[in-house]
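Please find the structures below.
The two complexes that follow have chain A in common; it is paired with chain B in the first and with chain C in the second.
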Partner chain A sequence: MLQSDKLLEVQNLRVTYRFEDKKIRAVDDVSFSIREGDRFAIVGESGSGKSTLGLSIVRLCPGEASGSVRLNGIDILKLSQEELRKLRGSDISVVFQDPSSALNPVLRIGDQLIEVFTTHGYDKTEAYTRSAKLLETVGIPEPEKRLMSYPHQLSGGMKQRVIIAMAIALNPKLVIADEPTSALDVTIQAQILKLIKELSETKKLSMILITHDIGVAAEVCNEIGIMYAGRMLEIGTFEDVFHNPKHPYTQSLMTCVPKGLKCVLKPLPGNVPDMSNLPSGCKFHPRCPYANDKCKTIEPKLEKADGRYVACHAVW
Partner chain B sequence: MIRLIPGDPARVLAGLMASEEDVELIREQLGLNKPLYVQPFTYMANLFTFNLGVSARTDSPVLYEVMARLPNTLALALSSTALAVALGVPLGVFAASRKSSKIDTLVSTFSIVGISLPTYWLGLIMITVFAVELHLLPAGGYGTPAHFVLPTITIALFLMAFIVKITKASVIDSMEKEYVVTARSKGLTERVILYKHILRNALIPVVTIIGLQFGSLLGGAVITETIYAWPGLGRLIIDAINNRDYPMVQGSIFIFALLYALVNLVTDLIYTIVDPRVRLG
Partner chain C sequence: MEIVKGEKLSKHYNIKLTTTKSNTLTAVSNINITINGNEIFGLVGESGSGKSTLGRLLLWLEKPSSGTVSFKGLDLTKAKKGEIKEARRKMQVVFQNPDSSLDPRMKIKKTLLEALECSHYTGDYTTRVKEVLEDVGLRPDVLDMYPHHLSGGMKQRIAVARAILAEPEFIVLDEPTSALDVSVQAQILNLLEKLQGKLNLSYLFISHSLSIVSYISHRVGVMYLGKLVELGTSEEVFGRPLHPYSQLLISSVPSIYLTKRLNIPRHNGNHEHVYDVVKGCKFHPRCPYADELCRSEEPKLSSNCHMVACHYAIEIEKKVFEGGA
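And now, the complex of A and B:
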């Protein structure tokens, strides 16, 4: 068997939610892979399944997942609960969207940070010194005082720095950041983004960044995947996809990004499809200016085109 | 309100053989001959010096009578609350952590039954079974530890059922919070997540409920104390009402209100231990 250089390999991942008797497939047949040091952006509108996809990689999502998610060749979906527990926090960690609800309000910052170390086998004094150092790394002044603080005594930006500290505590192989800046205001967003970028470069973190904001992805990522209605429509290097988008959906997304002062933003007609009642064929065809008869009946697969992968019949 | 009940305390106090003059004299002593709208103000003025008046029936000071009964009520309230908390909280957590299992169904059914059973019925049944039929425990009265068993269980059963319900709901609510997902993403064991992350949050509303319930128990579990002939505040009030002993009724209700406020204050202070967000500075 060939030793692959892939750190994470997601194959045919499907995630299904059950609501009473209804089934909703939030992620459908998604495959992609990440090499070590890659910073992969998953970009899509609300409800496109990007958060479900991100959290399903560490099985933190209540939906049922099928397919395979391999980290260095080991299928995470097949791990026992105990093996999964050991992997979480040490090999793969998560940065959550809203730092105010992601921290436990009744526990001190120190308790919540130190337990990351202790649950993975460090003794308490070692965990404490490392925690204090870690807070300094993420730019929190007076780390020893802050370890004694409760979450409500910190600002939103500070809380997100604490969450990031937890995520990088054990030098994980992969960090999944789920909309890490969406709940913060714009100036703080820029600071946190800068921190994530610096950390990813100095620590050579591999990362999956989930966002609806291409600007955020542009700051940090070198690879990008565009999601729509639970599918990946285009995957490639950030340069290629940003400057030369192939999929009609990606193209229309890029026209929504302001470039300079004189640009005209073109809104995409129509709405995000209802996940419980998806259109046939290509899920994007009702909103696509290039849709033909084939698009309405046969769903396109991701195929290699011009140095990246695109799922579109009309691609030229 | 209580003045609307027919009956004259002066006449009760004076006894059957008293003359009309004696009754009039007693009325004057108690201030009952003054207009109805003056009486409450005189009473309130006296409250500031803890002068609750004199019982219209026994002639001894109300404060003294209330204080004599208070320890009994306090003891019963403490023992039943302790029992209810000791069993109710763990059962509630247990049911929540095994949601929708057979054990959960069993616990939930039990708690609904416990809340629904009327105290007077349960009390009478327990007396019939344990005291009358089995001769295991005294049917009523006060004095030895054995006297505590039936009244404590009677009160605790309802209280416990209530605590189970609140605890379970609160734990389930906390389980769905985002910080639990964070905790899981760190690789903590489910045990640590439950005891460290979920419980600390879930117990905050439970503390409130326990405080409120304990407070109302201090007023005397009126029905339970009556059934088991327990010499506590509840029975004092009932007896006072039956005898038209106005000073006693007012006095004991005043003390009860005072205690209730006090317990609420203590509950709020406990809050600062459980929830860092309400701590000052």
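And now, the complex of A and C:
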């Protein structure tokens, strides 16, 4: 079962929310694995379950999870609360979307950063020097002065750098970044993406990047997983998935995004499905141009095809 | 033929810090802009660059601190109330988030009929509503629904329907697709493009997304801290950006095509706080080419058809596009 080069192995993960007597399966039967040093992007539209999937890996998600999530062979879903607390931060950490709500507005940056170290057993002076050094690593000038600042005194990009500093403080093996640049302007986004990529390369960090923007995924990640209605539809390398997509959904995602001058947009018909009332068979079939009777009744499984995994009855 | 024209437009806001202290925020400073008939004019810039304020000024939703706005030759600064009302019927707006721009307690029918009443439409209301619903690709049964019954894309279609009901000539689209998913966003973009051709509309298309603006616009303006720094056709601005800021913006867009990058030097930091008054060119603190001249004197928009406000536009163009020294 355990293979040495796999850092994280997610198998048959299902996450269910209860909502007004209804059960909503936000993530259904998702399996994937990440090797050391991989940067894996989970790409999907809103409501596709990408954040639920990402957060379930560290059990930060209120839904009920089944299946297994193994980090170096240890099943995270079976850990006790105490073990989980040790794991979060030191083995896996999370970067959230909006840096203004992820930082506590009434505490100084320094207090919040030092807390990361002191809760994991460092003494205060050591924590302080490490914090200052950390801010320098993420490209914040005058780190000692910044430790005394409050979050509102920093710009959005700076705040996101602080959050990233917290995430990498204890040299975790895996960082889960949930839409880390969606709240930022495009020029600042470019800086942050560059920082994330550099850190992951120099510190040999593995990453899961959750995003709706295929450009952001392409910029940072080498492995891509495409999600739709709680399922993984296609998993493969960046070149395979983006430049030679096999699943009809991935293909149409590529034609939905304007690629500069004089391109033709071919929008998908219809809407993202309602998670409490999903179609039968393949969840994409009502919007799929190639759907046949088989697609309407039998849900396709992820299968290896042409160097990547695709869940489609008619792989081109 | 020009539809809307703004001349030397400026807008300052007073931001009260304490009871005695206040600061002036210049959202739009000294902008000349003309939008022609049947044209989609794209406006790009980062948040806080003043693009929405410029849109509101052109709609006369906000009065400029100085400068004039004219609509089809009528100077709105000097026009009488009645004339402004008349002109208003010909201009409309679609906002970013349909959840907040549609009244949650009104049925779609009421929302749409209200727009017709307000514009004193003379024809038959029900036929007009049906006509427009067909134009935006919705079935008539949505009329008896409330906004919460509809998906995000459908709500935005209703917002577009409301804007075109009274047969306007000019529509400001303020980030019309930012709240939508990519697959739905493409539907709305195609719809807007189709309507523009069919109804001979002029759009001011405001967006922070460069790929969308480059896709839909005929001409494009790039804004930075209240200034128009570059203006030209979509091909000119996106194919051969001249201002260092436009170059930075365009090369910052994450893309799946990693090879097509401009060869530009590193830019510094963040954009300055809006009311930190920067002397000279507003972009100089971030610009890798800035020198004494840029720090002291503000460049004017050049008067070619591809306009740029930079002292060293010609030299930079050579450096970036021809690889010269």
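We adopt the following convention: the second predicted complex is superposed on the first by the 308 of 316 C-alpha atoms of A that agree within 3 Å, B and C clash if a C-alpha of one lies under 4 Å from a C-alpha of the other, contacts with A are read in each partner's own complex, and residues count from 1 in each chain.
Everything below uses one rule, namely that contacts are C-beta pairs under 8 Å (C-beta built on N, C-alpha and C of every residue); 3 or more make two chains touch, one makes a residue touch a chain.
On a predicted model such as this, the values are computed, not experimentally measured, just so you know.
Superposition model on chain A: chain B and chain C are shown accommodated side by side without a clash. When the two complexes are overlaid on their common chain A, residue A:157 makes contact with chain C while staying clear of chain B.
When the two structures are aligned on the shared chain, A:189 is found in touch with chain C, with no touch to chain B. In the superposition on chain A, contact of A:101 is made with chain B only, not with chain C. Shared-chain residue A:275: touches no atom of chain B or chain C. By the document's definition of touching, of the two partners only chain C reaches A:212; chain B does not. Once chain A of one complex is fitted onto chain A of the other, the partner contacts of A:46 are limited to chain C, with no touch recorded for chain B. Annotation for chain A, partner touching more residues between chain B and chain C: C. Here the smallest spacing between CA atoms of chain B and those of chain C, following superposition, is 10 Å.
The contact sets of chain A with chain B and with chain C never meet. Here chain B touches chain A in the complex through residues 177-179, 181-189, 192, 196-197, 200-201, 204, 274-277, going by the rule given at the top. In the complex of the two chains, the chain C residues touching chain A come out as 46-47, 151, 153-154, 181-187, 189-190, 208, 210-212, 214-216, 234-235, 238-239, 248-249, 251-258, 267, 270-271. Residues of chain A that touch chain B in their complex: 58, 60, 85-90, 93-94, 96, 98, 101-108, 111, 115-116, 119-120, 150, 152, 163, 166. Here chain A touches chain C in the complex through residues 45-46, 155, 157-158, 185-190, 193, 212-216, 218-219, 242-243, 252-261, 263, 265-269, 271-272, 287, going by the rule given at the top.
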